[in-house]
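These are the structures, in structure tokens.
Next, two complexes with chain A in common: one pairs it with chain B, the other with chain C.
For the complex of A and B:
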């Protein structure tokens, strides 16, 4: 029954594209690892991030990672993820996620204009502008 | 020597007309030119602005519209947007950024009449515990130039400790006011989340970020917190409630105070000399009428991993605004829009900032969201509940701020996680959103050590009262490194 469930989960991720499928594989490995911990009481798990994952993260974060930096970046990210692995062993069943210290409702205000037009001042710190617009490299051929 | 006066004495002399704010401000500007080259605690010094504001303060002192802090100079952490002044967050990304408006804290302290001496150095985007990740180079600890001043508000702590400003603003996301205050032997308080407006404070992790005062004494911090805390509708998480007078209870007796001492805060990894200083300080507070009760914070070890998932996740979202388009650094000759984004960010951010953005983006990405982000949020609640339960048995919790005194420059830069783990006592307080304070309590290996006092929500006045009473019977907060006396 569980295998059937995992098959559908895999299908769901695979249909949404390769990035999602990679996410699924990662999720599966976390599941397997956490099961390994609960079954065999393994203290800690080494997590390592490969070159393809560094490229994936670089794309998510929109931060270029040069080829000669990949190794160092992956080593340091892996260390941080090792720290995260400590969370897996903790039973959090029934604990509600806490997003914020104060459980208060979002304040709303009347839909009225409160700011005056300051585009000149705000655009004065932009790297490149023309005719009150921000300039970027050509997007449409 | 003007800088050896307490803020209270300065204020009395200003009001009595014995000194002028221009005189006082110029004295600090002179000290900055003399000593800051070796400390590197300021990113920007603003002498013209300072003196202009000092002249206005002198007017107010003459015409009777002055308050207790009018004419007292202040240094702002370079995370507070300051209209017309370079505001860098110690990043190359914002090296050319002239803030087009004031943070609400800056507005309030201008209203209080505090001349701005300049902007203090910090860890880049407040991500760090040593002020070493600044684009402008590390700040040095005035007590020992080989040591870090702590971080991320390391410049703020250093300028107060070295008498290069009588007061400074700081921000605390995971300990960034309390740990540098401890490392530099000054007083600093992180108020309850939502007490001080975050408007115009460059965002790191929005559900944790909170600003607070840094000064020599608890009394001075109480005055400054009064001046910088007010409801502000422009910060959606700023609490819409009346602020108390944080200085009103300073003189209260500590008779009957119940101090919770968590065994978990005195375990493995705590430097024995730091432990002794902290225990001696608690004993001193007992002499003032307090009693101690053992309390337990069983999930203490979960705080660091939880924080280092959640804060980077929030950072990856907050720092997406640095795109090379609207403000900040832009790479040369981008080939297309994506190249513009990716290279501007790769070249504009330092290593630790990039690491946290990447970790955060990863933790939020499809497939890992439940395993990392939601899991970390569940742990956040468990850590918070530990404190809530403990506060049923005690009024405040006391312990160390950091496991060691200030470490050496370069000692922890190779292994980011070793620096993360040193935040183990401060981070749980940010996860819960509780107020926390560091008060100078002694020295270990010749470097200052702070006593960490944590209270339930909205207990700032109580924490400041305890700090003030402790400072009536101790003089750690009055000590200054020999070369800066």
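For the complex of A and C:
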């Protein structure tokens, strides 16, 4: 799942030109890459994702993957991890991991109440509500 | 063979801000469901969180109070998991770069000081609340609490008994309330303590821990940990194994029981939140916070004992909350700072007793610092005796006005006119010839009887010092 997210982030930055993509590469610390890879207990060269990993990831992501899709999905995810394996070869010694491609700090907001009660509007798109609460299938405690 | 107990605490302190950590919605407790959950809190598409300035300041204050390293650069991460009360599908928290790094807190246990390590403290958002039984088969979700700012304070596993764990939790509670960064209300969930408990044979590696959650009083935390220690020892000694799990404490039966064991270890897939930039704090930011920090309870306590001559006990009571200490200091100031002991006594005995009986906090005391000072000033200038003062105190408590008004209205002014007191002394001695004989025959404790009689005759208003003096003169002549 982490890989999928990184995949989308990578796509996002790659499409915005080389400067952004360099930022993204810096963002990938050795730690992040090794964590992503160790999640799937795979070596740094050969990367593959089997059926059980797909099931595990889909359960974590709460996305149903039909049996006949598993093969396709595992191939796609493996490709993403191949990319990570490739990037792991980049020497990042002494490079401080970035938390964000922009080298700027967060601007802070004053501690003031600026929002008003809009629950009626917000709940107008909810599938089910009662007593101003959102209703979901019973959560067993 | 003996057992060693290892406990670490995770404390969630809700920060006393007006608005949420990432949105301008109110965090006031008890509002109508979802009336304080805005589009940002709900994780609506296109919403951008912005960090609340106040949470950073409050985190810095705790870091300074714990003598901790401060995170000059902080990064917010997403902790991913699915639960209906978490609308975004992730909790925004600080994983690798928290606001507060390694620090410590000293606790007193059996008269000795023990230093407890604080691993870290990080900022994060709270989740919403699930409500059951509104509609059969459904769960109602109130997201007012979603996005409420929390500081999660993680201790080192340095605590080795239930008593130590509670002493640490109390000390941390005292600290955050003193700093004013958390209101400390455990019933409303503003201060939540999770305990990680394990046991081992001395010298062996750490045992498997169980986590005790959602216990909302210090007394129950202590009992729950005590029970859990016993349970784990019994389990291991009878050949069993401790399972890593979350256990719930039942105060009715004083036992802990397993919450569902998770099928697999949580995989939260942390990664930096792309919606938030790193937060950077400067030395100026830190100094600005330091300048607004109150004197901390430990330092205050030491000063009360060393400079004001109070007992350890009184100093402890007076620094048990910031409101209490502020009351005491204001009282001392309004009475000219002459007699700290007298001020301390009135607060720790009469006022604390009355407040306790009425279930009031000192901040809501019907007798203000100025009113109590007005009364103490009348004791010190001999207008009333300490005994009469108790009547004045009761009348002030009932809202009958200031000390001066009450003394005037009830005619409680102390009799200091020597002639008037002398007349009463003479009368008492004349009416009690046999007691006088007994006194002169060596029964000196009769003195107390005479003083009592004169005070009674004066309606309690005679100056006791003068009464004693006159009685002694008359009886020895």
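Basically, the second predicted complex is superposed on the first by the 92 of 141 C-alpha atoms of A that agree within 3 Å, B and C clash if a C-alpha of one lies under 4 Å from a C-alpha of the other, contacts with A are read in each partner's own complex, and residues count from 1 in each chain.
Heads up, the rule we're going with is that a residue touches a chain if its C-beta (ideal position, glycine included) is under 8 Å from a C-beta of that chain, and two chains touch if they have at least 3 such contacts.
Please read these numbers as outputs of a predicted model, since none were measured by experiment.
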item	value
Superposed model, chain A: greater residue contact from chain B or chain C	B
Which of chain B and chain C A:110 touches, first, second, both or neither	second
Partner chain(s) touched by A:64 [first = chain B, second = chain C, both, neither]	first
First (chain B), second (chain C), both or neither touched by A:119	second
Partner chain in contact with A:83 - chain B first, chain C second, else both or neither	first
Contacts of A:137 with chain B and chain C, given as first, second, both or neither	both
Which superposed partner A:102 touches (first chain B, second chain C, both, neither)	both
Set of chain A residues, in rising order, touched by both chain B and chain C	27, 60, 62, 99-100, 102, 104, 106-107, 109, 118, 122, 128, 134, 136-139
Contacting residues of chain C [partner chain A, same complex]	17-19, 23-26, 32-40, 42, 44, 50-56, 75, 80, 82-84, 97, 130-132, 134-135, 137-143, 267, 269, 271-272, 274, 276-280
Complex contacts: residues of chain A adjacent to chain B	13, 16, 19-20, 22-27, 30, 57-58, 60-66, 73, 76-77, 79-84, 86-88, 90, 92, 95-102, 104, 106-107, 109, 118, 121-122, 124-128, 134, 136-139
For the chain A and chain C complex, residues of the former touching the latter	1-2, 5-6, 9, 27, 32, 39, 60, 62, 99-100, 102, 104-115, 117-119, 122-123, 128, 130-139, 141
Touching residues (chain side chain B, partner chain A) in the complex	96-98, 100, 192-194, 207, 233, 236-237, 239-240, 301-302, 304-306, 308-309, 316, 320, 323-330, 334-343, 345-346, 349, 354-355, 357-363, 365-368, 370-372, 374-382, 384, 415-417, 420, 432-434, 457
